[in-house]
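What follows is a pair of complexes built around chain A, which joins chain B in one and chain C in the other.
Entry: the complex of A and B
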């Protein structure tokens, strides 16, 4: 392939309004955002009161030799920017340094825990969507019905009940009393892992499902009051056709709320992880903050931010696919 | 077999009481019937009742007869489900909201077709062709089309299942005048080709007069008069019909004062006994207030105890002759070569605009949506910046005392949380006037002083607009800018506001810049006019001259589009 041809192909791919261009532009924006964030995260080390080297010593005995070795290792005597670039280069290679508390690399420490938290967040997300969205649609279609009113009341309870309380209640009923689900730990991988995650996931999903139910219901009700629905009815369109018109339109606000929910889930598992004694990043973050384990805190912060930014990107791409108006405006 | 539709004894009841009271309606194939009325007359509810689309909490009784089918409306909206589309279709007012924004036009048009036809390219082409749209529209989304084109898509969609009866609920109200005419012509042509009955619901008397075979006049939920075509207005028997006709501003001449109907339209549930129009009728006597009149007559029917007859002296209208445009005078503000663009890729919103307004002069700007008329007003008052050109004020006064503006929708222009007195006091303060002048200000706009304690939501649209005008003149500006000030008001109330504006500018000696799409309205207020199109002033001159001998092609087109005047 000659360069002229590949160049033309590239121009075509990146032409105004194309999906590729849209994604490329958004990815670049996401990358820029994360870069700025990484800078802030790195600066944490220097913003923390006290000598950075002493902070990195943690609870070990401070000897001049140890301080010197840490200074050398982290290049603490280099100019700030060069330290940052060094750190960023390592991070991009998956190296977040060493944990102060555990004497292992941050990456090893995190790898298992990230998987667990992602599994937990994913499972609760799926549960939330499967429960809340259909119920929201059904309730909106029959506002004031028994279904609508009972689910609305239940959702108030769901939003109001604190996560740990729901968690403890579920543990008591299904773990101790009925003895169906395990009460402790993350399981041995495979199916057992998922089995262990059911109760925590339900706990997380209960509050979120209530929120998503409300948002879905509101979105569908708003669409049902639109002129195009009355117009569709007046033309004699079938119930099924009208439902597809409405759902396609209501999907847009619902997707926004689902994006927020997932972003919240990834950073919001801490209470559940503690309640169910799961070794996820939430509980790790809590411990690391207490022990001023700075490299771990940096890694988790950056990781969470990445997940949130990628979720936002996914929502944007979804908009692009569903809403022709967004497609037309494209990425400027 | 197409024998039309007969609706008898329709009663529509809402949560607060009656909305439509005992109404009969006959629609014949190929015939156009116009249902005319102001807001709250129940005309839209009639259409909704006929299609089973009444909002929740509103119920209907009565019988609907269509060919051999007889439907008892009291059984609930579901009895009409099978009739919708195949027999009756409803075309709504707003083409911007009546189509789903995320579905392609072709898909929306063909949704009501039989499943095997939905994907047929020929069928889509044929349907688009019927409403004069090119084939490419099938693949486009509504937001890519103009208002007129969207309404054509909606028309094609409402015709997809080949209804015998089409109800158009203000189908052209949201469109510009020139587009409006095209749409009405299209409706007429299709109606003829299909031998379809058309029920045209409108507040525009001109459209009814020009297009309808029969006209039905509704007021506060009742039919008050009906008859053949334009006769209903020409020989109006009901005082309301006559009042409506007279308060509709003429295009041909300027009146000294528009004959307005006092008061505003009541809710149907507010009138318990007697004639619904009695409280606003100057002919009403004791019987009118105690007994309800029934429709009587043969070809033309009227529900009135004291109908207007040929023996009655016709309402004298005085044509103003003394309104001469001043050719001299001191300039108040001069706009020179002003240009504006909203974004680098957008076309010019204002393109080298030159206008001037003299002290104490009433000037109009006429144009359709997108002509730049509102943008110009916003530049004048400093709400919008412009790129090049110059706006020079010839008086030395703070901005608030140079110009003030009145917007189209008084409901959103007034702060709902503030009492009217507080709103006016605030505006007086801007002009360093004391709040003790609030009662005088209210009196000037024809409102009782005790309105100062009320909040906007309890007021009618006309009263709210009076408050908005009072607020605008409070700081004693030299120029009052009114941007479509009567477009959201009923015809009978519109006349009151136009009269008020005429008397206020005369009394205060201030200049007026009147911005509108409605030629007949601007005719009644200004002496000089600018015609705008696509951001440019295409014509200017005295109202009289522009009207009698328009020079620019666009001006001619604009005037010829005005229906029924």
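Entry: the complex of A and C
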């Protein structure tokens, strides 16, 4: 009894140890990926056509003194690698330089706008999960039913439909024609803010829900085809018992893909924010790119990459922690 | 006749129509970009303008027909280009393995670490590229998934008995890769390519919606939509026509690609 107990405890510890090792390895890989990306993002300054100093001046009057001061400030006369290291050092301290378009630091500019983007992304994510996961399960449960067929076709259309076109149509129908929702802008905070975010969030969720529906349906169908389901049925387990078994297993791949979907939201917010004239990170990026406001572009690109990389890391660790099958494969 | 068999017909009709627009728009609507500032914005149903006119007095319908070209040609080139890269590199990586495989998968990881929309926006925006530069950037961004797809199916084929026999017969590696494995990968590659056309169409029109890619004055659906934001209260046609065209085209290509993929899968199971 005692030895059995200590044996179990030992295996637990060992598996926890290997989880730690797994996390360390994945962290190192993520760090490396971000380092490479930071290099590419820094190089954007020099890959953009024209003199970097002139690009950083923006629309101000170009005088030799100003150019010189910019060169000094951004160390543009230093060798490339030392410029990069200096920049990276600042970035790690949260300093992305100054915005060319707005005379503030990039950090203040971003912190003013990040809340809205997070709210938009969060609301769309919740909507996506609430709509797509139950529909995916229901469709998988009765493949070939009217529900399954109609939602499947709708999801193919949804995946293909461009966000901004859907957004503009919703804006016209519910904002202008029926006059239910506000048309543009981000509201005055509080409830008004959320009310302004309903249409943008539905827009963003429509494409994602289509994707998540497909993933959920595939996962549940795959699980239903497993031998243990047939076995459980022949043993006479109740419908409800089988359902809970299947769902528990199918939810692992679904949860994994949800993490990646969340990361992808940040690509979608660009178009939705521009469509609905929301003052978030996405619309800031779009504006900064056309204006060549490089410090802002660099900051947003790198931050998005970091969020996505960390989400992917969290998803991997989650997958590893909940699914014993992966752990076995990993330790081999 | 099953319901699925209807898909090529249902999707074929709108796609054939779009194809006609692409090829013959210069004869169907030779004056699509003619401006008429005096007319200005008119609502749908105005005499001679089914979907009204935009802020420059251009006819929305004619502009949309003329815009089919820039909407579809670029995406087809993108899908073709990235699949060619995918087939070349994916076949080598899948069959030979080794450092090439590792390098390519790291390259794919790097590109997949960021949303396509974001990278395409940043790169094309900063280098001020026109239409074809955007196409080139998107080929680069689409190729990693194609490389992975081809690599996966090549690996799946490599273990099959007919490849073993080919090896035993002493055929060269290149011959096995491109004469024996490739024909079996092509059907899947083709349906993936179709899905990529739809995806590229959405990406490209998104970029022109953001003001990138297509030059000013060139008829383009994304640009029409971006213009329509300021016209919504006066002419809903400027929104509804191009939006519907993009959605229908993308959906039709997606449905067709999906249908093809399923058919190919069924066939390979039957074998």
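List of remarks:
In the analysis below, the second predicted complex is superposed on the first by the 296 of 332 C-alpha atoms of A that agree within 3 Å, B and C clash if a C-alpha of one lies under 4 Å from a C-alpha of the other, contacts with A are read in each partner's own complex, and residues count from 1 in each chain.
One rule holds in what follows: a residue touches a chain if its C-beta (ideal position, glycine included) is under 8 Å from a C-beta of that chain, and two chains touch if they have at least 3 such contacts.
A quick note: this is a predicted structure, and the numbers were derived from the prediction, not measured.
Judged by the touch definition given at the top, the superposed model places A:245 against chain B, while chain C stays out of reach.
By the touch criterion defined above, A:314 lies against neither chain B nor chain C after alignment on the C-alpha atoms of chain A.
Contacts of A:165 after superposition: chain C is touched, whereas chain B is not reached. Once the two structures are superposed, chain B and chain C can be ranked by residues of chain A touched, with C on top. When both complexes are overlaid on chain A, the residue A:228 reaches chain B alone and has no touch with chain C.
Applying the stated contact rule after C-alpha superposition, one finds that A:57 touches neither chain B nor chain C.
After overlaying the two complexes on the shared chain, residue contacts for A:138 are found with neither chain B nor chain C. Once both structures are placed on chain A, no chain A residue is touched by chain B and, in the other complex, by chain C. If you check the complex, the residues on chain A that touch chain C are 33, 36-37, 44, 47-49, 149, 153, 156-157, 159-166, 168-169, 171-172, 176-177, 263-264, 266-268, 270-271, 274-275, 285-286, 289-290, 292, 294, 297, 301, 304-305, 308-309, 312.
Of all residues in chain A, those touching chain B in their complex are 226-228, 230-237, 241, 245, 248-249, 252, 322-325, 328.
Across the complex, chain C meets chain A through its residues 3, 109-110, 113-118, 121-122, 125-128, 198-199, 202, 205-206, 209-212, 225, 228-229, 232-233, 236, 239-240, 242-243, 246-247, 250-251, 253-255, 258. Partner chain A is touched in their complex by these residues of chain B: 51, 53, 81, 84-86, 88-90, 92, 94, 97-103, 111-112, 141, 143-144, 154, 157-158, 160-161.
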